[in-house]
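Working notes, structure below.
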């Protein structure tokens, strides 16, 4: 082993450590504050207690909001994945004129329209549709916002599924439905899983849409509830926030771990163009 | 009776490429038929058009007497093995094999018995629960075959099924495939660009070039009498020598070539006519020049390099600036630099038109 | 005048007046376990059952639902406005007093007399007598009552008696002018690690800057932000206020960085509680909920002995608005009736019930807080000298903000001006920038008052 | 032939036998949702952008069409210019440079790292990406906090109010932390597409690490770099999370365009104006996307 | 002088696979040396270890006398052509060829003259400005060779350079490669799993199995006298027949096999000893049984199937249940079902130990 090699190895590990620290250190708060008797902004060795946890569990809406979050986000993630799968499959396999322009156009729109500016149209439309105070309505709006990017990403996964699989099934007489169900979807599973997680994560943190569209506090998801942990002067309630943040993060992490261990969370062939 | 009749078939891709360009072809029931040709000549396209994966632009395809030109692939009664096998990676071997039955909603019990039986026929017992990713290339190929067979098509279409196997495995798979086809008696169309494979396996061979048929015949015919220089060059494990020559005298039956001459049944080809002389390295005889002059037409030259072919060697001989390949038995391989004399029997020397490259008609007739 | 012609007034005010099955919704920016938790709890657990019970006695089957949010006021306002613009929304809604004007202009709320239909019935409510005239202003716009105020507050100067003692300042400190404040600040400056004065400034504090800083100072110069349909522009009095900021933050008496932090106000609370701030301008909320010894967000066990409070002086004695020596600003919520309610009469009844002495007192749940009703205040504030001080000394001299749609932008312009000064700009530059901003926000130079 | 007559057009031309009709059927549900919840509101927003609509006050009742007044206002609005400039900084710093480079560096180094190291590092990076933004905001406020903040504890110095003194730097760091995962994953898969033999060829002829990257790796992943840059640029330009950290402050020093739009819409209530700015942001995005498509097409 | 000396070389992958397992090997200067073996035997690993792309775990590699075991690949003076050629798709042919020089910061003018010259040697003139994607497989292969040659290594390493070409092209490229190497005289190590390629090209062949050397010798030696059944089975375009047999009588020189017998120089192998009898299809003679009994040891059987090999056919004969392959000239191909008799000359019948599969020592000595 040459000295140059050793130096490079050391450099490599120093770099890895630095990057790891950069990513890990900000997360320490959520590991320490929930169990600290006097949680503050900042990381300190906790004065261990489970009081905060108890307080959070005693909160009238905390657990319920998680259920709402799950309802909304599972619906959204499943709808996004299902519709994006269908659409990206068709777009990948059939040359529809103006396909690429369509994809880029929608992608551009989606990044802008989900912002604050569109809240009036969306509210009014949902109101007219009678979907105010409906978790399903919230899921619909989120689905519409996430679909373009989902189709964009998923199409590359589907492009990477060898066409001979489908042709082979087709020669055996499989119908389009059978081809989709038996061949394409299972083969594109890592992609679907990735999109599922992506859509779930994105809808999980969304505050504005459910806030605007849902009236009853007992239907509000966790992202909205997390905003209510302040008093009338705007001071954050630090005995509940850390624990709730922790609880609120668990489902996304669990979902990610589950999907990652089963299908691998990655961009299959890579997003090309 | 599950023959294939192809009439005036043309397949044009949306980009305008006429990949199959007006083809007439009949494959008899139970025949093992090879489509042979260089890369890009349209073999795959023809096969896919038969399967219905490409639309015929002109002409018709009939299978078992019925016109299937406009039928969905699944309704043509064909089974196909793809070059990459297209085994479904998420299904076990047995699920793969019985997928065609599952599509037709055959009961699970029947399916598993079919899987057992087919696996038996193809020596895949014990692998039924594996995933394709856990199989060797040869095993994968057999699973793909098993799946095609299980689908009970009347016609089996194979697109270069051996080309993904390594050299040794390819030989074994070849023999296996030939036996299997014999046993099943299923009409089989087989695409390859490897002439040795086609010769070894097929009952008949169609040689294609640029979407058109160049020659159709038994392996022996195609090997012995290529109808043009294209086929001549393409067939044979060592390329045929194609040399510029001229008819010495129409009645003497000899052509001058590479500073010497060779016997040839010149038929009605006029004296002095320029021709392309085709002779396979296997049919040339090499004698060391110092062994005295040989009687009759011959070519003199000097050994350049020799390639070992196992029991024989391919010797390249420089004859007045033209390189001629000759196959000699391993024990007779001369050293580079040795002066040698080449001779050939008259019936092995083929004459082609210099312009068109076609086998000269009279000559062809004389032999047929 | 059963039906006026404005907006929803074409509806019959007596619609469903005799219904036996009634459904009402109360909306508020309050939620159990979160923002205004106590208010939400009271409404859900006490007010509603009591009302339902009372109605049942009358043979009416009422269901009252509480729709609580718990968000930033701006977001809540937006959501409410969206609902109202679609002719939906809760039947009774809690509004910030300063929204009344713009909601009224948009037709989202109507004068109570229009909604309820019967002026005599509304004006005849005995509760009005208990609500001081100045407090009633909170729920009024252009001389008409749009809702019933739901409590109010007042602003004072808090100071830390311990620090004062160390700096040699009196425990019963009461400045008479701005200079007195600065002088005290100079003395406090001697103490290590202490920020002498915290007057909210800058944009990060948002409305807290305007309410706890600029406006109390401005009324101390004798000006009000909106008079006779015009907004106050770049005037001597505005410059006076900005100069004061410059003296505090430029002269090392305040902590300029704190004014820029997103959570700066919370931080100022924590620092005061930790004896690091000498003088702090805040509302009574600070006393009740921040340094409150048991439940406060920045508890001070020794609040009663350590925290002193004083009236905010005018710039000079007698220089305040209406010639006052001392000034203050107040705000507070209003409960209004949705003009599109299905049950206007029942909603009015619920509103009265909500503001009955019994309910107002019950809402406090033993806590001391300044309510809208003088009779209740007299009773519950007796034991809290500080709140009593506000109720009796501050409320009479206090001012309210104008409830107009333009106000938030004017407020933002004021905040920006202080931010500029704290950031080191000259008073002159800040004031001129303010003038431009005000003109833009008010919608024309003609709507801006000059010197 | 029993049943249906033989079809004239022949089997469908695509691999799955879908046919254009059914393909449209497959795309329809997605397009419907997108149309309803994205395109329709977008068009409406554009309309609002030419009015003086507000949610309250007189203009709420009768908004009037003001034409391009909102746009001319934006062009003269110093705060909008400021926001635009800050957005450019934000995108440049955190997306184009931060996430891109860190993401690539991670993908490049993790390629050969031991699986345990690789899993840990990638897991952490991904965690930063999947945590809900409200939670993440708290994490970073705690990290940068002036008094008890982790950063100050690490540096052993008290009292630096990072979010006040260096708001854009903080935001850029924050967003780099938050978004690197996407670039990392994308580049990981892109790098897998670079044939190892090409890297080894370069090694065989003695090319240095930098030469290898420049001559072999980048030409291969050029398309990926561009797509990635486009996506993360768009996402960053439209990212609202800066609001959660600094609310645009202090004194507009971190008020990127989305935050500005929010402030104009909610604090100021000027929905017409905020819609106009949204549309301008859309145009800016479009410009970037077109630029990107040009670059991509220039690929030989 | 640029020979390669390998001593006790082992390469262990991080997952514990000993892909190269204690190997001693010397490649002479200017030699064309082939590494041959089935897939996964460690050929590529050995080549890469020589190149420095894998770290040797044990042993040493010396090139041109200098120990390079721990040297960076770029500093060993070797050039390598990869199986997929690894041409840089975004560079023109001439940029590709001169990339090694660019890395060494050679001036542009010099580079372009090198590109010209090398392109001339490899008949790539006129293609210099194209991109690799615009070239045929054969042309790509030549560009890869050109690049390797332009890098002026002392040793050329080729990893299956022909396997990506289609069958016909492979034959041409083979001859081209052999001539080029002759002309340049550069020491060349060539990896292949195709025995025909190794036989045709190499001066010497190393046959590997499981990371170890099984046989080392000239193509002729390896073909005629495989030292064990593994090599016997691996070498030859048709697999050697390996049959269970027993020595009939030690002095009579015959082995009983598949219901018949064959002559063999049994040497000191005791009578009755069970052995594996190896005989190549090319060395068996087939006579139609009805032609009367043949004198001497022979095996009787019945033709099962025949594969056309061009000038000859590979006939599978069922002899008492054992399938034996025989090569016959094309004109003598018998019909399936024909009863036939097989004979072989004594010196072509090899005896292997039944257990170890090694060529029986005495016999080996007798022949050598």
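Lettered A, B, C, D and E in written order, each chain numbered from 1.
Methods note: contacts are C-beta pairs under 8 Å (C-beta built on N, C-alpha and C of every residue); 3 or more make two chains touch, one makes a residue touch a chain.
In this text the structure is predicted, and so the values were computed from the model without any measurement.
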Graph distance between chain C and chain E, where chains that touch are linked: 2
Pair sharing more residue contacts (C-beta pairs) when A-D is set against C-D: A-D
Chain at maximum distance from chain B, centres defined as averaged CA atoms: C
Inter-centroid spacing, chain E versus chain A (mean Cα positions, whole Å): 55
Centre distance in Å when chain B and chain C are each reduced to the mean of their C-alpha atoms: 93
Junction residues of chain A, two or more chains touched: 41, 119-120, 167, 170, 227
Per-residue overlap in chain E, given as positions that touch at least 2 other chains: none
Numbers and ranges of chain D residues touching at least 2 other chains: 15, 17, 55, 141, 147, 265-266
Complex interface listing, chain A residues touching chain C: 41, 59-62, 119-120, 123-124, 127, 132, 208, 211-212, 215-217, 224-225, 227-237, 240
Residues of chain D touching chain E in the complex: 195, 197-198, 200-208, 211, 215-216, 219-220, 300
Complex contacts: residues of chain D adjacent to chain C: 54-61, 141, 146-147, 161, 163-165, 245-247, 249-252, 265-269
Touch list for chain C against partner chain D, complex: 7, 74-75, 77-78, 81-82, 85, 99, 102-103, 105-108, 202-204, 206, 257, 259-263, 267, 404-406, 408-409, 412, 416, 419-420, 423
Interface residues, chain D side, partner chain A - complex: 14-20, 22-27, 29-31, 33-34, 36-42, 44-45, 48, 53, 55, 102, 105-106, 109, 113, 117, 120-121, 124-135, 138-143, 145, 147-150, 153-154, 177, 185-186, 188-190, 192-193, 223-224, 226-228, 231, 234-235, 237-238, 240, 258, 261-262, 265-266, 271, 274-275, 277-278, 281-282, 285-286, 289, 293, 296
